[in-house]
Amino acid sequence: MFSHNVTYVFRPGGVALPDIPVVHRWPEWTLRGISQVVFQNNWLTGLIILGAIFYNSWVYGVACLVGTVTSTVTAVLLKADRNMVKAGLFGFNGALLGIGLNAFMSQNFTNGELPSWRLYLYIVLGAAFTAVVFSALLTAFRPFDIPALTAPFVIAAWLFIFAVVRFAHLPPGPLLTPGLPSPVQGAGDQYTWTTWYQGIGKGVGEIFFQDNWIIGFLIVLGILVNSRISAGMALLGSVLALATAIVLGAPESMVRGGLFGFNAALTAIALGGFFYVLTVRGFLYTIFGILVTTWVWAAISVALSPIGMPAFTSAFVIVTLLMLFAKGFFPGLVPVATEDATTAEDNLARWRRHVEQAEARGPAVG
Amino acid sequence: MFSHNVTYVFRPGGVALPDIPVVHRWPEWTLRGISQVVFQNNWLTGLIILGAIFYNSWVYGVACLVGTVTSTVTAVLLKADRNMVKAGLFGFNGALLGIGLNAFMSQNFTNGELPSWRLYLYIVLGAAFTAVVFSALLTAFRPFDIPALTAPFVIAAWLFIFAVVRFAHLPPGPLLTPGLPSPVQGAGDQYTWTTWYQGIGKGVGEIFFQDNWIIGFLIVLGILVNSRISAGMALLGSVLALATAIVLGAPESMVRGGLFGFNAALTAIALGGFFYVLTVRGFLYTIFGILVTTWVWAAISVALSPIGMPAFTSAFVIVTLLMLFAKGFFPGLVPVATEDATTAEDNLARWRRHVEQAEARGPAVG
Amino acid sequence: MFSHNVTYVFRPGGVALPDIPVVHRWPEWTLRGISQVVFQNNWLTGLIILGAIFYNSWVYGVACLVGTVTSTVTAVLLKADRNMVKAGLFGFNGALLGIGLNAFMSQNFTNGELPSWRLYLYIVLGAAFTAVVFSALLTAFRPFDIPALTAPFVIAAWLFIFAVVRFAHLPPGPLLTPGLPSPVQGAGDQYTWTTWYQGIGKGVGEIFFQDNWIIGFLIVLGILVNSRISAGMALLGSVLALATAIVLGAPESMVRGGLFGFNAALTAIALGGFFYVLTVRGFLYTIFGILVTTWVWAAISVALSPIGMPAFTSAFVIVTLLMLFAKGFFPGLVPVATEDATTAEDNLARWRRHVEQAEARGPAVG
């Protein structure tokens, strides 16, 4: 009703799953929840992504599952709309919160460690809180038909992780180190082919906090199952962000780690065909969004450096929200109503039919 | 009209005050303003709280009075709705701003000092500004029927107190010391019974910046005059926040000082019966809100530590606003329209009558 | 439609420009864009201000032009409303972003240097982004009939300039130095007549980042061409902010540099006759706004000091937005609908006619 993909369609490829009772469809809802992180409503996409995460770290795979299930269960207990639950819309922010808090609280970010019971309870409550924030934001954005994106995850994650330095039993990971920002010195680093292929892969992988370039390409593959355009956009976002960071002289280790890319990849998927039809202007608008997201990630990471906290996907959220909120003023773009946004391909096909029909009727009067 | 308790009902206990001309009712409006800090519209509650503050520090008692009167006068001069003025709705943010700025600008936070004339003028203008922020927020929240809570106080207080380090004639108090956050080390502090009884009392007392555990229990008594549920919730919020902070290993001095509790106590009153009917789900939702508020206070205090500024009641405001904004998505909860919210007891009684009538009519068709 | 001055009236003084084809009117639109920074829709005002900036620094004059044209072109390419484009409404935030980023990234703030090609491209994209943010904010504020002010500039500038410390090829200027805030010590500085006349002039000049007191008075002259009230308000805002800063003991160099004044001057123009009719209460409300803006500038500069970033006109934006959002609650004030706001004089004259007509009809019933 208020958001994208609320209709419960069996996919992929039109092939329905065997007819099983609703009570047993939880695995499907969970997988859809994972796929919604990258704007796909497809359990196979979710399965491939989850598999890729497990391949990198079973700890993060479990965290992803726990997060998705917890936020979905919270919504079910509070009797939220069942179609939204089925489409995985209450799950994707929980998925990110689960992995994200686990990762930044681990001594080893790349592979993670199983949290203490206190920390796991904390993470579970954080995932549950994303369901509340999601509902709150959808309420506030409803008059404008704007989606919440991953803002619920970002807000809940910040509200929870900022606090850990006050608690002896929630020791923060080594990446959470406060310090005043200082400018990069010198003429800039040297970049190699390793920078490129690792940076591009991790630029997608870091969406799910996976510091592993192979996982990134597996995630692209997962998206490809549901939408070629979205898969292409994810890659384009990561590539273009990496190129931009190199042109501007960003530190090589950050570029190779995909840090400039994961927000841009999400912006690319969201603007490139999903919430705007992929017209020529829409494509240029998406390129613009990718560029801006690249340095807005840097901007927010700088703003948070005195408290040593991560930017998460806030850059994607801020830039994409602004570029969506602007839609009413720019008739040169073709926005997609959030409840009609299915896949980039469907959106484009529907719009083409609409234009053809309008042309067949002849020029409008006035 | 747009907020809770705009109807001017003579209380407590249905006993009207003697019939005196409107022009002489200022004392009553002021006392109601003080009671509205804890969501009560009852001059006796206000009187008990004001008395408790004076008992701790006459300086803070005066600041509370000056703040309440100033913000109310501002609203009257700008011809604001008289019923809202009478219910104390323009006063409670001014009350908090008056004490809060006075306290954090004092060399001795616990008892306070009388500010210089420059600082007092500054505080008076801050209290006046809360009336503006209150009206602005109500306007923005009106489409969603959401109250402003103490957000006007928090916003005005931040906008005013951040500035003082730039002015030689507004010397900040010793608590306003900037520093990068650093994690609590070791296995956590030892907590004693003193931690508990002082922490629980101050957890309510710090709502009014009273670093005195006895005052906290007197405030609970003041609330009790108007609503047993709200009094119980204030205590529950303080106790649960303290227990949570101890489980997570927070510094003993902060726990004993009630710092984790005063936001949680307000969240408890707001969600526990006042803006949601106290059903079983509503009660669990309140518990959830109390827990989250506990560490969100820590989160915001960490975020503000590089500039050395206090979090005030921002954690209560953020968590409660999010949990109220979500109401439309969670039919499992029973929200109370802000203009109908009287006391937790009344809300519950009205809802029970409503359910009974619905059952008497038999099951609804469809 | 959604904002002030959308009707395209030829000014100044009712004298139309020669009848030239629309395609050649770009210079006029650009000049109106520059004049809209100070709430005037008058190409002559824009020309005088642009001339004053060129007189101080041709680099900044070029940056102002490039920024205005870029954001306007962006709006035109996205097919934004032509009347809004003609009134310069898509230009003024780009104008500020162009000069602002150029200035803070220069080694010499006062006169500026021509940026590198990378930096210039960055600034151009920043100016383009203001058109997006402007549209997004107008969408969000539309239900309340509230203007975006210079918020699009502030948001875009922050999102862009925070990032530069991460990029070797975008070296920040010397003013962008992070540091924890520390209170002003001692009894306060000595102020001289130089503090006053330079501070007042620069308090207007810094609106356009011009660290030159003569330019400030030239800008007042430019405003005077279109509105005496607005010119007077700009001066009043600067003078009162300077006096306030002195009374509170602000550092002399900051006072002399006009840093406390440029936000207050904008608040004064906006509230003093433009968005509220200049009645007695409206005038007092404006004075209140000027005072609060003075220290809110200081507050935000303190909040940003750990990352060493500038407050820009955020204090004006925050205070004025709050004081405008409150309008529905204060019948003692006379707000002007944003699309009807032409000049302070016109607003006042229309209101007086309205009052006279109402009086001529006799007292209203009820």
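Residue numbering begins at 1 within each chain, and the chains themselves are lettered A, B and C in the order written.
The rule is simple: a residue touches a chain if its C-beta (ideal position, glycine included) is under 8 Å from a C-beta of that chain, and two chains touch if they have at least 3 such contacts.
Composition by chain, UniProt nomenclature: A, B, C = Urea transporter.
Model, not experiment: these values are computed from the prediction.
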Residue-number overlap at the chain A (Urea transporter)/chain C (Urea transporter) interface, same or different (half cut): different
Fitting chain A (Urea transporter) to chain B (Urea transporter) on CA atoms, where both chains share a sequence, rotation angle to nearest 5 degrees: 120
Gap in Å, rounded to a whole number, between the CA centres of chain C (Urea transporter) and chain A (Urea transporter): 36
Junction residues of chain C (Urea transporter), two or more chains touched: 143, 180, 306
Chain B (Urea transporter)-facing residues of chain A (Urea transporter), complex: 75, 77-81, 118, 122, 125, 128-129, 132-140, 143, 155, 158-172, 178-180, 306-308
For the chain A (Urea transporter) and chain C (Urea transporter) complex, residues of the former touching the latter: 143-144, 180-189, 245, 247-251, 254, 281, 285, 288, 291-292, 295-303, 305-306, 318-319, 321-333
